[in-house]
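Look for subunit A in each of the two complexes below; its partner is subunit B in the first and subunit C in the second.
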Partner chain A sequence: MLESQVKTCPEEKRFPLKIVATEIEETEIEFQRSFIINIIPKIDWGVLRGALEEMGLSEKYEIGSKVPENYEEDETFLQLAHHILLEIEIITGKFVCRGTGREFPIENKIANMLLTSEELN
Partner chain B sequence: MEDPDISHITESNFQKIYSPSEDTFLLCDALTDEAEGIKERNPKIGVEIGTGSGYVLAHVSRLFKNTDLFVFGIDINPLAAKLTSKTLTQNGISRYEVINCNLLNPFALDRFGSMIDLLIFNPPYVPTESKEIQFNPKDEETWITSSFAGGLNGMEITQKLINQMDQLLSPHGVCYLIAIHENNPHQIANDLAEKGFRTIVVKKKRLRGELLYVLKIIRKK
Partner chain C sequence: MSRPEKENPPEIYYNNEEAKKYARNTRIIKIQTKMTERSLQLLNIPEDPPENIELAPILEKIEDKLSKIETKNTTENESTELESEGSYDSDSPFEDEQNSEDEELLALEQELESLKNRRKSSFILDLGCGSGLSGQVLTQNGHKWVGIDISESMLDIAVQRNTIGDKILLDMGQGLPFRTGVFDGAIAISSLQWLCYSNKKTEIPFKRLSTFFSSLYKCLSRDTRAIFQFYPESPDQIEMITTAATKSGFTGGLVVDYPESTRAKKFFLTLFSSTTIKQVPKGLGGGENLSQKDVVQYVVEDKYNKKYQNNQRKKRNWKPRKKSRQWILRKKERQRKQGHKVRPDSKFTGRKRKDRW
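Showing the complex of A and B:
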């Protein structure tokens, strides 16, 4: 859901940020069905697929660029969506602006998206 | 419900991040009182801007345990972001994400707009000189200052959020915002009314020389 705020980055390259994941963790978070059903249509699945590829997980988790019809009743898909969206965490890595190459570090699962004072001016 | 456990945060940490104070507790009380009503809106995405120690976010997460709510914690201060994450884990919370950024600047709001069901902000609200609001990651003296310094009328940061409210709140979303008398809550309400929002005072309390308000903001029908 994040985009590049670098001023010199062209608009069309701001989203999505490129992901470089050095350390990934797959955790366990309680499954809330109505949450997942609600959030699924809001996600850009093409972008999500790209993210999985960048993280080296596209073979492990195969998803199409579109959501299956009647996904609300597709238990397997709901569980997969839950796992991908909530349970895969980048511990260490970076987001990279596709327009400028500017890197935003991720440490201890927290992304530092702050621009420097030079970049703000 | 017990208070959130923040025993992992040291005195030295509290010189660089905001220590839970009267405004923090007032906000928590307001959220506790409002919880049942908020639950009726079935919130899925919660965001707290300026989490500091993570106290309020931990409290909210516990109030909404076993519901759909997934929370995002935002702080401009990297130490606060780190400690918020620890606080949430320490209090048994896992449905969260913490990001170190300035307000919601890096969020692609034109793609992911109007998605926040529960928005919480205890802003830097103290009237100060404008230059005091600057957070500089390299100058630790600005860390604690930027947690309370609000610039002109204490409104420079709050105003940014108010201006974005339409892009942030979901159709049935609700925002809880702290303000003090000097921020001119009436003006805040008028400004929001022009933007299509209704403002309700859910708490008003004089604490240590400050008249504190907890404002609840929802879309006009």
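Showing the complex of A and C:
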């Protein structure tokens, strides 16, 4: 859900940021149904799919191009969504703005999105 | 006690040393935890309907315990009858087992109660998350969060402590890079006051605050709240903050807990991102929702703040005064950006000229 803040970047190209992941980690997090059910409507599913592809995980986790109807009752789908959204972490890599090519490095799981003063004006 | 935000900007103040000290200091941990819990309260997240919570495993455990205790009770009754002749050994291992079973049962029942009272698991933005102290409280309460901070050292510690939340190195005053309506709420523990000082010549705090608040308004979903626990230095500062917030579309007010006590007094700026007018919650310890005037009174009472006395005039002094040196420097910077030929800055720029008339 991050979008590029670089001021020279045109509005349409700000979201989504391109993901380049060099090191990924999969952790275990407690599953909470209500949270997953709530957050799915906020996610752009097509973009999520694209992100998985960029990270090289699209074969491991196959997700359709749309969220299934009645997803609240589909337990397997909820578990899959939980895993993709919460349990996959990028340790090293970068985010790239599609509009300007500006790279935001990710190191030690921390994304550095600080902008220089020129980029703000 | 001097204010840390006057010494250095936060990314310099919280270097590796300071960050380590901060994360290990038990007093700070205790206070920050308490303030986070109070902020969560003020966030007023709707309750989770019971069918969403997995109560079954806890209920099973409780039933297990109850049956174990019942069997123990019957066997114990038999044995005490036999022992009534001799001395009653109160340290018998039997009783200890009984007590620990009871304790465990009590703990399970408490857990069940807290699960029932649980708030809906929400997606929260932790502004100025630092070493993850506040984030851990959020996780304990079942929420997921994204934490931002300007100090790399503090965030490193948050990663070390295995806090469950995404961390981003970011300057709040530059604006938040999140999509519209992503978050169900936002909290900021002891971080807002850092935005009120700017060490760069070209950035004025009011502009940074405005940029911050408008980007925050955008990334919060409708009818949610943002709670800021902070340490205001003066009524002017409070006014600057609330003006920037209202400009960006927020409504709300300042909640003060324990206004009579110097030690326990805490300020929580409570902002609503909704179009309907909502009632600001009451502060603890007899505090009430304060109008601007009342806040002024409280801040003066315990600090005898010289700065307040100097700023008694109701001028808006968070923008540089026209024709002042600050203003001139900013104007020259603007002109340079527009491509005009501008004289270099020096110690003589905007100096006080001799009064000729």
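The rule we apply is simple: the second predicted complex is superposed on the first by the 120 of 121 C-alpha atoms of A that agree within 3 Å, B and C clash if a C-alpha of one lies under 4 Å from a C-alpha of the other, contacts with A are read in each partner's own complex, and residues count from 1 in each chain.
Heads up, the rule we're going with is that contacts are C-beta pairs under 8 Å (C-beta built on N, C-alpha and C of every residue); 3 or more make two chains touch, one makes a residue touch a chain.
On a predicted model such as this, the values are computed, not experimentally measured, just so you know.
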State whether A:Thr76 touches subunit B only (first), subunit C only (second), both chains, or neither. neither
State whether A:Ile110 touches subunit B only (first), subunit C only (second), both chains, or neither. both
Footprint overlap on subunit A, comparing subunit B with subunit C: 1-5, 15, 29, 32, 34-35, 38-39, 42, 86, 108-115, 117
List the residues on subunit B that touch subunit A in their complex, please. 42, 44, 66-70, 76, 78, 81-82, 85, 94-95, 97-102, 105-108, 111-112, 115, 136-137
Could you list, by residue number, the parts of subunit A that touch subunit B in their complex? 1-5, 14-15, 27-30, 32, 34-35, 38-39, 42, 44, 86, 108-115, 117
Can you check the complex and tell me which residues of subunit A touch subunit C? 1-5, 15, 29, 32-35, 38-39, 42, 86, 89, 108-115, 117, 120-121
Spell out the residues on subunit C that touch subunit A in their complex, using ranges where they run on. 48, 52-54, 120-123, 142, 144, 150, 152, 155-156, 159, 164, 166-171, 174-175, 177-179, 181-182, 184, 200, 202-203, 221, 337
